[in-house]
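Below are two complexes that have chain A in common, paired first with chain B and then with chain C.
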Partner chain A sequence: MKIKKGFVMQKIGDTTVVVSTGELSREFHGMIELNQTAADIWSYFADGLSQEEAAKKLSEEYGISLEKAQEDIAKIANKMLQAGVFEDE
Partner chain B sequence: MADFYIELAEKTVNIQSSSPFAEKFCADYLTQKTDADIFAKAERDEVLREIEEAEVRTTFDYAEILCIYRHIAEKLPLFDRFVMHGAAVKCGESAYIFTAPSGTGKTTHLRLWQEYLGDSVCVINGDKPILKIESDEVTAYGTAWKGKEGLGSNTSAPLKAICILKRGKENKIYKVDPKEYFAVLLNQIYLPINEEAAKKNLELFSRLVNLVPVYVLECDISEHAVKTSFEALTGQKFKNRGNNNEN
Partner chain C sequence: MNEQLSAEQVLKEKGFFVTTTSGVSMLPLFSDRRDRIVIRPVADRLKKYDVPLYRRGESLVLHRVIGVRENHYIIRGDNCIERETVKDEQIVGVLCEFYRKDKHYTVNDFSYRLYSRLWVFISPALIAFKKARSFLSRIYHKIIKK
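Now for the complex of A and B:
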């Protein structure tokens, strides 16, 4: 699951926003708003982690069980997928 | 070919264009300085694409200067400045910017301010002013690019409020949590194609909404609309000082 090139993330106050730039802005309009957890998960994917690796990292950083982390990751990853954030495999 | 220098928001820009039109277009901004911060030139292909994609029929010369401004806008964030789509006015020593998607009525509201407030109001730029964010102060600057109405002048003032315009049946204005309007506001910013510059632009945007209050104005096109926005934004009492007030 690789995030498309051209997304730019910025924390503004307690909100994190993601917008598209360059070529991507022709196909992707608008803005995505992320809470802290979603922003961290987005960063894991942006760093190239797999879904499994991301779950492991989330469970470590948030001190939650691996099952809970897998659930959270799956939920966010699914939303990102629906939003068309990932490159086609 | 023309090769000249202009000063925009206190930065020197070197422009190269294929026709002398660009230099005439930028007449109010020409400078003797030659140590350019930004270099801007549009390639022929790009200008042709601009003409093709334009909603209204555009001459080559005009399309070229639009492309040139885009190149400038692309670089500005690296100098703590960016272009915002909106109408910036100066009243006293303060600037206010009205912003909204095209067609909402920014220019109409701007003209109403001119009509009812007369000479106490000066349009900085009716379409695409430059905002500078430095040492915790935001300044709005005029630019040669003034939109199709050509409203604006080579001046600047500290920005005291951002006002999002909505059409309404009643006139009312309220201060909002900018968070609720990030999408609306970000849509009015030319975000650079270059990722580093885009990232910098978002940082500047983040500082902007931290430094300058955001209001929403719901308005019609009456004198009362001007009274509503003027009093809330400037904190002064509205008095009809326009040319229409002959009694």
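Now for the complex of A and C:
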């Protein structure tokens, strides 16, 4: 899963948001607000990790089971998919 | 993550609104689809040099206040010739921070304050130059056509 080029993650005070820049901003308007876990998951995908790799990293960083991490990743990835964040592969 | 709220709703709910600038009316400060702006609600009346986000019909516009009147503002984009009158009820929020070429600024930064004051100060000369250039260009094209 690859995040479309042009999304920029921005920290505003305690809040993390994502906005689109460049050509992407013609099709994607507005702002996505992320909680801390979602922001970390976003970073994993932005770094090019697969869903499995992201789940493993989340499990290690948050000290949670791999199953719980996979569940969280799937939930966030699904929302990102619905928001049109990923590129077609 | 997929809720679609208006700028006004986001400002009311979150206390800020982040978006990417589009268009060339605020050049040289903001480039088309490159820079990000952070808008916050307006607490009081705007002041000269403030950059409000306001409604012009369905559109949202970000231009600079160059004059404050009792019931409205005189507003113009940094790269525009024409000025317009904007009422308080059209104001959605005001620019507080921005990321220009990924560098973060606030409107209280010295460099930004210097830019905004200098730009407003020299803008009459720039506008006169643009008008003269446009006039000469029209004359030139008329002569060439003949």
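The working rule: the second predicted complex is superposed on the first by the 89 of 89 C-alpha atoms of A that agree within 3 Å, B and C clash if a C-alpha of one lies under 4 Å from a C-alpha of the other, contacts with A are read in each partner's own complex, and residues count from 1 in each chain.
In this section, contacts are C-beta pairs under 8 Å (C-beta built on N, C-alpha and C of every residue); 3 or more make two chains touch, one makes a residue touch a chain.
Please read these numbers as outputs of a predicted model, since none were measured by experiment.
After superposition onto chain A, the partners chain B and chain C occupy overlapping space and clash. By the touch criterion stated above, A:80 is placed in contact with chain C alone, chain B being left untouched.
When both complexes are overlaid on chain A, the residue A:15 reaches chain B and chain C alike.
In the superposition on chain A, contact is made by A:26 with chain C only, not with chain B. Set against each other, chain B and chain C differ in how many residues of chain A they touch, and the higher count belongs to C. Overlaid on A, the two complexes show chain B and chain C touching the same residues of chain A, namely 8, 10, 12-13, 15, 17, 19, 21-23, 25, 30-31, 33. By the touch criterion given at the top, residues 1-2, 4-5, 10, 14, 16-20, 22, 33-34, 36, 38, 97, 99 of chain C touch chain A in their complex.
Taken together, the chain A residues at the contact with chain B in this complex read 6, 8, 10-13, 15, 17, 19, 21-23, 25, 30-31, 33. Considering their complex, residues 179, 182-183, 186-187, 191-195, 198-199, 202-203, 205-206, 209-210 of chain B touch chain A.
Those residues of chain A that touch chain C in the shared complex are 8, 10, 12-13, 15, 17, 19-23, 25-26, 29-34, 38, 79-80, 82-83.
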